[in-house]
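Each chain gets a letter, A, B, C, D and E, in the order it is written, and its residues are counted from 1.
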Amino acid sequence: MTEFLAAIDFSGWALHALVVLPLVGALLIVALPARWARGLALGVTLVEALIGLGLWWVFDPSLGMQLRVSIPWIPAYGVNYAIGIDGLSVFLVMLSALLMPLCVLSGWNYIETRLQGYYALLLVLLAGMIGVFIALDLFVFYVFWELMLIPMYFLIGVWGGSNRLYAAIKFFIYTMAGSLLMLVAILAMVWHRWHAMGTISFAYDDLLAYAAIGALGPLKPWLFGAFFLAFAIKVPVFPFHTWLPDAHVEAPTAASVLLASVLLKMGTYGYLRFAIPFFPAEAFAALTQAVVLALAVIGIVYGALVALVQPDVKKLVAYSSVSHMGFVMLGIWAMTVQGIQGAIIVMLAHGISTGGLFFLIGMLYERRHTRDIAAFGGLARVMPAFATVLVIVSLSSIGVPGTNGFVGEFLVLIGSFTTQPLAAGIATTGVIFAAAYLLWAVQRVVFNKLDKPENQGLKDLSRREWAILLPLLAGILWLGLYPGPVLRRTEPAAQAIVDQVRRVMPRVVPPSDLRQN
Amino acid sequence: MLALSQATPEVVAAAAGPAHWIWLAVALPLAGFVVNGALALWRPTAKRAVSIIGPGVLLAAFGVVLWVTRSVAGAHLEEPIVVHLWDWIRAGELHIPLAFQVDQLSIVMLLIVTGVGSLIHLFSVGYMREDEGYARYFSYLNLFVANMLVLVLGDSLPVLFIGWEGVGLCSYLLIGFWYQDKANADAGKKAFIVNRIGDFGFLVAMFILWKALGTLTFREIAQVAPGAFAGGSAVVTAATLFLILGCTGKSAQIPLYTWLPDAMAGPTPVSALIHAATMVTAGVYLVARTNVLFALAPMSSTLLAGIGAGTAIFAATIGLKQYDIKKVLAYSTVSQLGYMFLGVGSGAYVAGIFHLATHAFFKALLFLGAGSVIHAMHHAYHATHSHEDAQDMRNMGGLRTAMPVTFVLMSLATLAIAGFPLFSGFFSKDEILASAFARGASEPVYYLYWVAGLAAALGTAVYMARLITMTFLGGNRTGAKEAGHLHEAPWIMTGPLVVLGLLSVVGGAFNLPAFIGGHAGLEQWLEPVLAPAARIRPAMMPHGATEYLLMTVAVLIGLGGLWWGYRMTSRATLVPAAKAVPDTGFAAVLNRKYYVDEIYDALLVRPLLRFSEQVLWKEADQGGIDGTVNGVATVARALGRVGSWLQTGQVGLYLVLFLAGALYVIHAVTR
Amino acid sequence: MGSFDFLTTLDLSTPLGLSAALAPELFLTGAALIVLLFVAWRHSTAADTRMAGWLTAFSLVLGLVVLVGMGVAGTRAEGIPQMMSVDQFRWAGGAVVLIAAIATVLLSIGYLEREGIVAPEYYVLIILAVIGMLCMVGAADLIVLFLGLEIMSVAIYVLAGYDRQSAFSAEAALKYFLIGAFGSAFLLYGIALVYGATGSTNLQIIGTQLAGAKLTTMAALGLALLLIGLLFKIAAAPFHMWAPDVYEGAPTPITTFMATGVKVAAFLALVRVLIQSFPEAAVTWSPPIGILAAVTMILGNLVALSQRSLKRMLAYSSVAHAGYVLVAVRPGTPYGVAAVWLYLGAYTLTSIVTFGVLQSLGRSGERDVTLDRIAGLAEERPWLAFAMTVGMLSLLGFPGTFGFMGKWWILSASVADGERMLPVVLVLTSVVSAGYYMPVIMSMYMRKSPGAGTYADARLGRAGATVVAVAVIAVLLLGFWPAPLINYADRVADSLHTIYTSQGR
Amino acid sequence: MPVFAPELIGPSLMLSAVLFCIGVAGVLLRRNAIIVFLCIELMLNAVNLTFMAMGQLYGMSGQVIVFFVMSVAAAEAAVGLAIILSVFRHRATVDLKHVNLLQG
Amino acid sequence: MVHAVFVFFAVVAVLSAILCITQRQPVGAIMWLIVTMLALSGIFTLLGGFFAGVMQVLVYAGAILVLFMFFVMLLQLRHKESDIRGPLGWVLAVGIAGALVMQLSGVGGYSAGRVAEELTRAPEIANPAFVLPQAAEVQRATLASGAVGAVAAPMFQQWLVPFELTSLLLLAAIVGAVVLAKRRL
């Protein structure tokens, strides 16, 4: 495999292709007749998925940032189209690319109106998502970051549920509010550097180096605050989460999946890539750390408790996302290798499991046109395969060992317990509530009596639906039982962040040899 | 993919040959799960294939275990054989391989799990044959066994935890097997969630240990812990307390026992396998596994013993007034598990494990016997289209004539559980009580535990006698028409019962105490595993006369209890459930299980739900947080309207504002 | 170039040099007279009006060619320029004005026809207004600036009231006229006092006179009154109150012209005056401009939020955008000037799109085009909806559009100057603005149209459609690839600073 | 005989300011569009006085500018009155109170 | 003498201006403004602007204000009610205008000497006659080329561009006025 990829110079064009291909695909879809839209979209995303898969072999964890390319864009202002991947981003890129064909499949029959627009927007969204993860220039990052809003806005607003207009604009404005402040912060850094060094550069490395020499001075807390807020809204960190349930509930299946699986990860990715490396001292100032940890833990428990009482199954999963993302935040802010590795795994695991849940809910919705939990019950009788998959995916979301969910949560908790025992301890109660809300929901959907007449004729999973779910099930088990290869690839990146923070804030990351033995 | 742990003595090498195939014991049931699961989804009618695959894989696994046992038995392992499968989790210094460890303790458990498991699988073939979820049932059961084997084989806490949660999951699935009835699904969910509370403790315990010791494998814990922790230090106490929380969840002890009686909603063989013989004993196994920690934390041990003793007496009293045959057995199980905890808490790990084994035999037998009875009752009611409760003992009576084999075998099991001399339960229970009593010398609270244990023994004898009496003795109350339909179960069901009956009777032979000529086989067998604890906090045993005295007391209490139970029940005027008057007074309290479920519900569950819905969701989330978000929008809009309202279209006003601006600009510039 | 130096380095004291320096204005004056003659000859039918329109568009394009030619040649003046500057800033600003004017004329052709306004003098007035704007952009003397402003204003007063069937149009003209004349008086008083304080009305001589010392009382008062006069034209709060009413009442192409051309001319004049005459007084004028910028952004965006009529909403949005540009004016640095010019360019192109689409959707002034009235537009007229979407996103400053680049540079200029609050206010009010831009997109794409064929008669005319299409393409193209324009913007800014950069702050 | 009266500069400038402000007051006080415009003319005149006064010191430019201002005033008067007329045609009033179709 | 005349004209100008803005009848207001114009024309003359003074009478009083008068009559504006705003209007008008006067009052403190001083920024050498050589120029030019000629020379040389622009302005005004005012389009 590796030889083959080398032969076709895969590492030379892979990242470009990942961004450009969907954009070209989107243009083609718009340009060609509507009846080709689905097929084209599937084709493009499959190719995209293959390219994404190829990264597995070309990625070398020991190299740090790699596959770097930098093309001048606005030379006068030091803006380059600079991209690359490292251990933090490679799996998020792969997740985005691999989920996409499934998303295309999910709306295969359900989306009937404005096919061209739908599929074109999905592809644009894909390009944006991947762009965010590979951007190594803050201008480019920001452009991709914002660019994603539009397709998502349309996907929710045009193909969404009954209250879609409200949800779409809330999503849009809320996210935009955060990111614009981040824009100011980016500019402040760039121009501060310009005053000091005389050159303008938006390059990640340059700004990182500049932030590291401490010249930003009293500006730093504000800059960090701006970055923090932007990412906190995206994650979403409690209490910035209320856009999420609305957006999830109204979005069409594919958009829900991508929102949960990929878009939320951009927030936490942003922390790991930008906010923390740029401002380690601010991020881990005693008060900040305490506040963030508190918010993360509140998010975990609060999200779970509120999920418990949701009558709408999509809302339930949305709140569960708040809870899960709390784990990611906890893992990051605990600042241990295990915590960060765990955070990355939770990101992937949540991407797969919650994505799976949304796919499943979507399949139900296609059949029954309701998301009200009370409208179901006893479906296992008519849809045994569906019930089986739902239970498995739910279990992975609950974090049962052997599934992906466990590995991430376990790493996060064990990692955070070493430095933040209280927070980790409280967070661990999340595993109880997770079981409570999901199993209760599962019970009310697929178990109990099959007493609603309209549920009695429901068809079990079709072949297309199996095609969507099987890869996810494989992912769930693979990450759950054999996460080693993934962990090995992300470890250097996680270690690098911890080392960096340790250099600046030794208090936060005690050297491991302090342990008793 | 497979690698043996390095640096094992040569003797081990010989034993290791078969031992490194131990993964087969896990893989076989797992394969069974996959195949049966696939059949359940796509060929639910292929019952013959399921009948072969389901029990077949288990028998094969049993074979593998026997083979491994044989090779290990001769090796006198000082160190476990570790079968490293693959790296599971590796992050920084945290390194958790997916590895199995074969040692004396896991061998004992393997034998029980696969042996009893095989019998119960066979029994199930008969019991479940007519169920439409036959294949699904076996796939779950296979999965359960696989997980249980992972639990007992795991060489580290996280790997054990895979099995730990896995069995919980299977328990959830099997309790809710007949999910169409909401009560069953509820019971399954309850089991899982309550178990999760325990798991919370388990997880925190792991975190504490990792933080303190930097390792989670049992071998390294045993090596490192005595050096890292001072005896009774806060950290190890905390770790063990959280482990105890985990154990109370899984093994249905106070305060987390409430799920187990509800779990009887599952098919009866499931109750026998999971909720009597294997899964619920996982807590005991865990304590034995981490014996070094408990030895280092005497406070936790004492608490554990106290929980065990308390649960034993508590559950036994509830068992006295239950009418559902399975509920009686369920509370009996809770009570017996209490015994085991009393044992391991007292430092008598061998006694605990011993009781675990004997309990597996006689309780499995009791459950299967009850299953056989229920099977018969069910058929009878089915034949007459009656909707009476097939599990209510008030509807039974006099079944000894219709089901003689079951009657005899259940009577044997009753004698075993009641501690009738020379039956299996007699030895194991006696050993536990004796060690508790002996511990009392240094820690007087153990005397109290001992008394509680005795009282529980009395209770056990009483309710078991009551069970046998109500079910098999006296006249039949099933109904005139139905009585004719009551039959003994087919051989596929009675066969396993016979085997279990045999084991219940002679099971004590595995660890015959020295004073009656035994050589304490189990004790010697487990010695390498329990050595770390033995060095720190050795088990205490009374000697000589005291021992005989204690034994005599126990036997008398057991026999007295049996007699009392029989007298009490046979004198009572028994009527079928439909005509029975409700219990009153304390009997009602017992019948309603001290209202613990209701109390939990009122104090914890409902307030939490109400709080989540009304306060968190409606007030905080929608009102407070989202209200603020929308409020910002509303305020912006309102401000806009104010601005818009200022825009009156009147030039005069525009000019006034113009001039206000002009005054400001002039002021600002000329300042 | 060599032997053509006399064409690129002009001696304004000679008739030839002066004529060459004024070539675009002279050319357009000639064009205005020709069109006037044409109008005097043929003015009774719609065809005549259309013909005049094409003639005007053609002359404006030629004027643009002349202007761009001078820009490309890099024409400069020898010594301190009298009356008219000869610098890159003038060419750049003039180009934006002319683009706005060309778009206005092309949009007007269809509009006048649709509204049945047969009065080709309209186009003469547009050319005259353009000349006025060019004078404002290029003025080297406050009197020229004032006269340019007056020419522009007089023409626009009339154009605002050009739809004589409409009471709204007349009212708009009256309001604009009264407040405009009032504002002109302040501007004039400011000029008088500056003249009194320095003895000159030449921008650079004023600058030299004032260099190196604190502002005197009279100079400060003069500066203040000048600011008031120009801020009024810019429609900065609280001098903006006329703008929504006038924008709403005026014929839509004229609204476009006001939002683009007038605003561009006034802003560039303001920048030129501040940078060339009062560079050192920045400490004095920066704070009030900053505060007014903030007030303008907040007020414009908040009030726009509560508008139902799209036209009025765009009017308030135009006010808000003036606030954004003021943020870039505030630092008074070359980056700021570059940002002002870029943003004005971006806003001009975008406004052509938004007002153009708006124009196609309504009747008699488009006052009644509300969000409900564009519901489901995307289904029937996808391209119109797409254009409007691009326009809205560009106004919002969304990446991928020229508007984003503009906003990016405004923020850059402001942040680079060490400003903190204004950029934050800018972005927060931008968030507010999403609250009224996005519903437009929402209505077009996410709501059902009231019935099939609702938008069948929405049309721009071929000329208008072409203009809008070109503008959309430009907005997108420059949004992705602004590099050349940005390099040029730096040159524009430098040309204004050439003299004073050495003394700059 | 032309007079050179530099001592009048201060008073002239002050008078100019006062007249300008009277014009402003008039603009604020009146609702009749014609009178409002009249007051604006007064303001322009006041400014002319400033030009004249300063022209005393700086030469003829001041006077020249005054002529430009006059022509501006004339142009504005022509257009302004035409606009008022066209409003009057629609509304039959020139009272600014009633000129409020456009608002909000 | 000059001062007395100036004070007279100034008082007349201010009083007539105040009467202008407070006169109910439009015609009266215009008449009072004509008085103001005349007074201003006197002051222009005092300040050396003979031609400007004459033009003030001719253009403003003679043309512009007559146009106003004509217009008022054309529209037959005979208000039953006064167009003067109520008490709030008074308060605002007087208050704002007063505040504006206060702010602008700084200009009243200027003299030729102060101007010279501020231009040179050196009080000790600030002799107005030396700093402001143009001051005498007005007198000399008026004597040399007459009141009109003195204005004409700079107007067609130095101020040529603005002058031409005025013509464009007037053209725009004519076109505009015609378009708006003609009965049919």
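One rule holds for everything that comes next: a contact is a pair of C-beta atoms (placed from the backbone, for glycine too) under 8 Å apart; a residue touches a chain by one contact, two chains touch by 3 or more.
Only a predicted model underlies this, so the values are computations on that prediction, with no experimental measurement involved.
Asks: Trace the shortest chain of touching neighbours from subunit A to subunit E and give its length in steps.
Replies: Counted as steps through touching chains, the separation is 2.
Asks: Which chains are in contact with both subunit A and subunit B?
Replies: Common contact partners of subunit A and subunit B, which must touch each of the two, are C.
Asks: Of the chains shown, whose Cα mean is nearest the mean of all protein Cα atoms?
Replies: Measuring from the global C-alpha mean, the nearest chain centre belongs to A.
Asks: Relative to subunit C, which chain has the most distant C-alpha mean position?
Replies: Chain B.
Asks: Using each chain's Cα centroid, which is most distant from the centroid of subunit D?
Replies: B
Asks: Tell me which has more C-beta contacts between its two chains, D-E or B-D.
Replies: D-E
Asks: So what's the Cα centroid distance for subunit A and subunit D, whole Å?
Replies: A distance of 66 Å separates the two centres.
Asks: When the centre of a chain is set as the mean of its C-alpha atoms, what distance in Å lies between subunit A and subunit C?
Replies: Subunit A and subunit C have C-alpha centres separated by 43 Å.
Asks: Any idea how many Å lie between the Cα centroids of subunit B and subunit E?
Replies: Chain centroid spacing, subunit B to subunit E, equals 103 Å.
Asks: In angstrom, rounded to a whole number, how far apart do the mean CA points of subunit C and subunit E lie?
Replies: 31
Asks: Using the touch rule from the top of the page, what residues of subunit D touch 2 or more other chains?
Replies: Residues 13, 20, 23-24, 27-28, 31, 36-37, 50, 53, 57-58, 61-62, 68, 72, 75-76, 79, 82-84, 86, 96, 99, 101-104 of subunit D each touch two or more of the other chains.
Asks: Multi-chain contacts only, two chains or more: what residues does subunit E have there?
Replies: As it turns out, subunit E has residues touching two or more other chains at 85, 89, 92, 96, 100, 103-104, 106-107, 109-110, 115, 132, 134, 158-159, 162, 166, 169, 172-173, 176-177, 180.
Asks: Could you list which residues of subunit C touch at least two other chains?
Replies: Residue numbers touching two or more other chains: 143, 147, 150, 154, 157-158, 161, 164, 173, 175, 178, 182, 193, 196, 199, 217, 221, 244-245, 307, 435.
Asks: Could you list each pair of chains that touch, in label order?
Replies: Going through each pair of chains, those in contact are A-B, A-C, B-C, B-D, B-E, C-D, C-E, D-E.
Asks: Contact residues on subunit C for subunit B in the complex?
Replies: For this pair, the touching residues of subunit C are 175, 178-179, 182-183, 186, 215, 217, 220-221, 223-225, 227-228, 231-232, 237-239, 241-242, 244-245, 284-285, 287-288, 291-292, 299, 302-307, 432, 435.
Asks: In the complex formed with subunit D, which residues of subunit B make contact?
Replies: Subunit B reaches subunit D through residues 644-645, 647-652, 655-656, 659.
Asks: Would you mind writing out the residues of subunit C in touch with subunit A in their complex?
Replies: It comes out as residues 379, 393, 398-400, 404, 408, 411-412, 415-416, 420, 423-424, 427-428, 430-431, 434-435, 438-439, 441-442, 445-447, 481-483, 486-487, 490.
Asks: If we count contacts the way the header does, which residues on subunit B are in touch with subunit E in the complex?
Replies: Its residues touching subunit E are 652, 656, 659-660, 662-663, 666-667, 670.
Asks: Over in the complex, which subunit C residues touch subunit D? Could you list them?
Replies: 143, 146-147, 150, 154, 157-158, 161, 164, 167-168, 170-175, 177-178, 181-182, 184-185, 188-189, 192-193, 195-196, 199-201, 244-246, 248-249, 307, 312
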